[in-house]
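There are two complexes below, and they share chain A, which is joined by chain B in the first and by chain C in the second.
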Partner chain A sequence: MDAFLLALPLVFQPNVLAVMAMAAIFGLFVGSVPGLTATMATALLVPLTFFMDPVPAIAAMVTATAMAIFAGDIPGALLRVPGTPASAAYASEAFAMTQKGLAERALGTSLVGSAIGGMFGTVVLVLSAPQLAEVALQFTQFEYFWLACLGLSCAVFVSTASPTKGTVSLLIGLMLATVGIDITAGHPRYTFGIPDLLGGVAFIPAMIGMFAVAEILRNVVSTRVIEPPKLEHLFRVFHGLGGVFKRYWRGLVRGSVLGTAVGILPGAGGDIAAWVAYALSKKLSKEPEKFGTGHVEGIVDAGAANNAALSGAWVPALVFGIPGDSITAIVIGVLYVKGMNPGPTVFMQNPELIYGVFITFFLANIVLIPFGFAAIGLARHILRIPRTIVWPIVLLFSMVGAYAIDNSLFGIVVMLSVGVLAFLMEENGFPVAPAILGLVLGPMLEGNFMTAMIKADGNLLGFFERPIAAALGAITLLLWSTPLILMAARRVRMHSATERG
Partner chain B sequence: MRFNDAIIGLVLIVFALVAGYATRDFPQIPGQSYGAALFPRLLCVGFAVCGLLLIASGMRQRATAGAWLDLDDWARSFSGPLTLAITIGGMVFYILVSESLGFIPTAFLMTASLLLRLRGRWISSLAIAAMVTMVIHQIFYKLLLVPLPWGVLEPLVF
Partner chain C sequence: MKRMLSGALVGVALASVALFGAAAKAEYPERPITVIVPWGAGGGTDATGRMIAKIMQDELGVPVNVVNRTGGSGVVGHQAIATAKPDGYTIGIVTVEIAMMHWVGLTDLDYTAFTPIALYNADPAGVSVTADSKFTNVKEILDAAKANPGKMKGSGTGQGGIWHLALAGMLVDAGLDPNSVPWVPSQGAAPALSDLAAGGIDVVTASVVEARALKEAGKVKVLAVMADERLPAFPDVPTLKEAGGPGWKTAAWRTVSGPKGLPKPIQDKLGATIEKVYNSKEFQDFMASRGFGLTWADAAGLSKHYEEADASFGKVLKAVGLAK
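On to the complex of A and B.
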């Protein structure tokens, strides 16, 4: 409670509130321009927030992402083009509502659903994180090693249809993390004699490359033309919402719970949460035949789920320093660069910081309603901005941002190289989320592994001697063997099928 | 621009061999039989295994009429690769000359050429490029105190 009272004045300061308001506008803009994602909003904010204190810096990112995830629904509903991947699951559904003249109902539902989902995820975060941190304080290198393995494996399995490609992406991230002076022996690895690489691949430029440059490259070559819409003025956004939520409150709860859970899983964020929630909503619905024809039920579930996931992702991030999605991966990477080690010790040493994050989350989800309402009203104008103007601006901003971290052109070199690599990866069906998690967790994974090896004197059984470590290790090994078991099962089934047939 | 999995698999295996070979002179931790090379070598093994799996799946693709390289619409056209070249070329140009030419002229040229390529309208593109360059310069140079180079505009510092 003391920490909570200490945190209040940290957040309720004119400059922090001003930063949040500006971040909100930025997030709404980024979210409603198709191609600019919530992750990209975070990546672009980093160079600006890098120069701020921790609380306003985190407040800016939390607010911007909450706004961006909702704002992605605006072009989804009005143009059938999701503004961020998190809105993709129900963009056709919302667009079908628009065609029936129900655009206001669709957007109002997703706005209020987003705020409620986000609030639910925040409550889970506030209630669970301090408890989990108590447990995490007991952890040694063995537990952290397995936890990092588990987190990275989750990221591989949830992010793509092909576990092999997900694994390659993860390995690329981990390999990039090995560049620089090695932590245990002090030897420079893969630096090619370039002094700028001794400290490792600069994290912030790498992540701007991965999420901004790759996205820009993909968009400038795109042949797809998006027609600017002819729209009515939208202002009766909240009309009739009471009825919607009264009727589908189960979906609201289901979407919030599911979204939070998916958010907590490392590597899975709002986009996956929305897909799963929409599919589940259809499956459990009394009238599944209406889905896809402009039916509001799925939007209730999925709209709540993607914002809930955003908050949920902060649980493992704050407690263990293991990011729950790409956005928290960026935040954690930035905290490391700033010399703050996320993990349970922050709860002991700077509890007011943690409570500051909690308060920020509540605040962001409350102001989502008025800001989101304004964004819907202005949608006609925002969607008319030609995207061909947006890309060059974002590109220049990214370059200056990558330069500003160390005032070094080498930052831009890193940004460009990683950007081209990420572009090629996505073109070939390799997801980038595991790579960014690998880059963030690489040093932690290797550091804990090497220290644990020394502690256990090279005996791998030492990794299973402590009870929690043994449990985490067993779960990880089970997860790793799942694809093999599934493959074997498929073989057996195919074999018996051919014998029968 | 989709390569057949087998080609990517081959690239990964070659990478694993080269990166693995580079670990040969990484030192060991005193008193242990492993050291700085252990983790990268494990990763290289991972790369090689994934490479083999990708080659296997790529061969299966080939068997069912998949091409070695599948070009999307944008890559088959003339304009797509040209835009890509201008975007990447602009960044390389910035890296090479911004220190000597200065932020404002370099950023203006880079932004203007990309805007022109994407929109094709001369006057508005140049105006937007000038405005964007100045706004970003103000934000980072004045507000965040990032020492963006002045280059040839050194006498005009403001």
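On to the complex of A and C.
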């Protein structure tokens, strides 16, 4: 408690608050430009933090990332082009709401959901970081393999088309994920001697291609004149949100818990959290048929989940110096420079600094509301601009984003090729969401399976030898076989019914 | 009149070219310098590269920009440095992988494609086990590997990566089959160490610095450092020899190098600048705070270092069967 009181004056200083405000604006900009991610926002801040005290340095990163993850929803909802990968899971849903004239409702839900999710993750971080990090440390490749399997199962739920087409799309994503150096044996695969392909199909450019380029192509070929959706009064952003959250409070809790948990696990971050939260929301919903048609329920879950994951990722980073996602991987370096060496000692040696960091987490999620509100106010006017002007600009930003990831023109090549592929897929009724999921989870699935097999000397039973792995494996297999068992049971019942009849 | 005017213009133009041309020769650098980092933003190489760029900027008085060219396990970025125009305006951070990746067949590029400028960092490999491991020194690990080849598993980085070589080299040096402790590839030291703490593997040969947080948390113990002398930051960690192992040593290192064919005056100027950077309090403090090992070699020393490292890694990679 004393440390908490000592921490307050470290945070509530004009210069710290000014840094946070600037980081907020920076984060909103980076997040809302497709291709510029929250991770990149953090990396760009690193050289600036050299000149700052520890608390403002960390505060800048916390604020910028919280803003960026929310801001990714803005172009997602308005243009169906997610600003960061963490918004990809529900960009189509939010865009469908915009087309129904509900842009403000969609963004308001994701804004407030983000703030609540982020706040929840922070509370968990503050109250039980050491204990939870201990649990996260129990996860090895065996456990991660099953988690990746569970993640892939989500493809069934996020796909709105026929299961067959969804599966084909998933396999396309998994196939693209095999390109590059095989991480287990170190062999180059499908690289055709092009050094740029050694690193694989870069995920960010591919994602921009699937959304932005495909959307642009759709606009180009369609001759139909689309009426711009009507803009409501700006304060409609918060109108009716009470009802939304009252109705779907379970989803809000579920998304927050799930997001925090996925964030805490090293190796999975906000993007995977959002996919799983969205899929779970649909699975457990009373009205799953409404998903994909502009239904707010999934946005509640997933919007909260990705911001919750952001805070959760700090748990292993602070306690064991093991990054929970790509953002905290960068933050750990800054912590060392600032003398806040990650490890259990960080809570004992400099408690006031750590509490200062925690306070900035809360502040960042509180200022998310006014800053996010202002950003929505500015951004929604995009809908009024003729699409002949908007889309070339989106294409330009997309190219900048695809280039900036690796500072390589090859990123643009990937973006354009994958964009054409996604356009052809969607024109023929193949959903792209499972392909993106395959691209995200493919390396995790393959890498963990292969390394687990090396460890277990090729014994498949290794996947059931550790208690957590065995439980996860049982859940996965049960989930997969339930439809088969139900089908068999139905057939047996029908059979016996006809016999009796 | 017209002709005279144009004649005069040409004369002025020629004179200015001559003037600025001479100035350029006299005063390198006169425009911004780009430092290519072949690894991602936020990592250790990036952090040190940015720090060097920042202090270089103060020393040289021109902007020094860091550009991350990632991908292809470092091949893409190293290629970009090697193929840049050798005018001193594009240099880069060349890392230990340059002495390894051509052996495993990822690229044809090796150290001969660069002009050495300076070596500024080396982080020796460690030998880490879980805190509750029955092993108390390296000799016990080697004995166990001899008694039950293939039972223990090691990790720390990808297949054929620097920490894989550290383990394989240690085993070969101790007269064991390099595959008596099979390698479990990981995507870096952090996941491998977390896996070690979870009890998934038996030994991690990542650098001592990388194991620091988990060591301080009491989750892992570091039995040895693969160097000739103990590290100043970790006086309680014995050298490999002291811990009953062979005299083998391995370190991951980072250098500043330019493309091949850099003019000697520019090489010297950059070398002198990097030396100033290296000796600055700001750089020394930064490296100490991150726990990065400080090692200095000038252009001649680095040239020799490149040659030796390349040969020694080639030997081990062949012994492990990774070289193509």
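The working rule: the second predicted complex is superposed on the first by the 269 of 501 C-alpha atoms of A that agree within 3 Å, B and C clash if a C-alpha of one lies under 4 Å from a C-alpha of the other, contacts with A are read in each partner's own complex, and residues count from 1 in each chain.
Here is the rule we use: a residue touches a chain if its C-beta (ideal position, glycine included) is under 8 Å from a C-beta of that chain, and two chains touch if they have at least 3 such contacts.
The model shown is predicted, which means the values in this text are computed figures rather than measured ones.
Novice: Give one of first, second, both or neither to describe whether A:164 is in contact with chain B, with chain C, with both, or with none.
Specialist: In the superposition, A:164 contacts chain B only.
Novice: After lining up the shared chain so the two structures overlap, which partner does A:403 touch, if you call chain B first and chain C second: first, second, both or neither?
Specialist: The answer is first: A:403 touches chain B but not chain C.
Novice: Per the contact definition in the header, classify A:454: touching chain B only (first), chain C only (second), both, or neither.
Specialist: Touch partners of A:454: chain B and chain C.
Novice: Is A:386 touching the first partner chain B, the second partner chain C, both, or neither of them?
Specialist: Touch partner of A:386: chain B, not chain C.
Novice: Is A:336 in contact with chain B, with chain C, with both, or with neither (first, second, both, neither)?
Specialist: In the superposition, A:336 contacts chain C only.
Novice: For A:428, decide between first (touching chain B), second (touching chain C), both and neither.
Specialist: It touches chain B, and chain C stays clear.
Novice: A:184 contacts which: chain B (first), chain C (second), both, neither?
Specialist: The answer is both, since A:184 touches chain B and chain C.
Novice: Find the residues of chain A that appear in the contact set with chain B and again in the contact set with chain C.
Specialist: Residues 47, 184-185, 407, 450, 454, which sit in both footprints.
Novice: Spell out the residues on chain A that touch chain C in their complex, using ranges where they run on.
Specialist: Residue positions touching the partner: 39-40, 42-44, 46-47, 50, 137-142, 180-181, 183-186, 188, 195-199, 202, 266-267, 316, 319-323, 326, 329-330, 333, 336-337, 339, 341-345, 406-408, 447, 450-451, 454-455, 457.
Novice: Which residues of chain A touch chain B once you look at their complex with the stated criterion?
Specialist: Of all residues in chain A, those touching chain B are 47-48, 51, 164-165, 167-168, 171, 174-175, 178, 182, 184-185, 187, 189-190, 213, 216-217, 220-223, 386, 388-389, 391-393, 395-397, 399-400, 403-404, 407, 409, 412-413, 416, 420, 424, 427-429, 446, 449-450, 453-454, 458.
Novice: Considering the complex alone, what residue numbers of chain C touch chain A?
Specialist: Touching chain A: residues 40-44, 46-47, 50-51, 54, 67-73, 75-76, 79, 104, 106-107, 150, 153, 158-160, 182-187, 190-191, 193-195, 197-201, 212-214, 216-219, 286, 289-291, 322 of chain C.
Novice: Over in the complex, which chain B residues touch chain A? Could you list them?
Specialist: Counting only chain B, the residues touching chain A are 1-3, 8, 12, 19, 22-23, 26-29, 32-36, 38-40, 43, 46-47, 50, 53-54, 57, 72-75, 77, 80-81, 83-84, 87-88, 90-92, 94-95, 98-99, 103, 107, 110-111, 114-115, 118-119, 128-129, 132-133, 136, 140, 144, 146-148.
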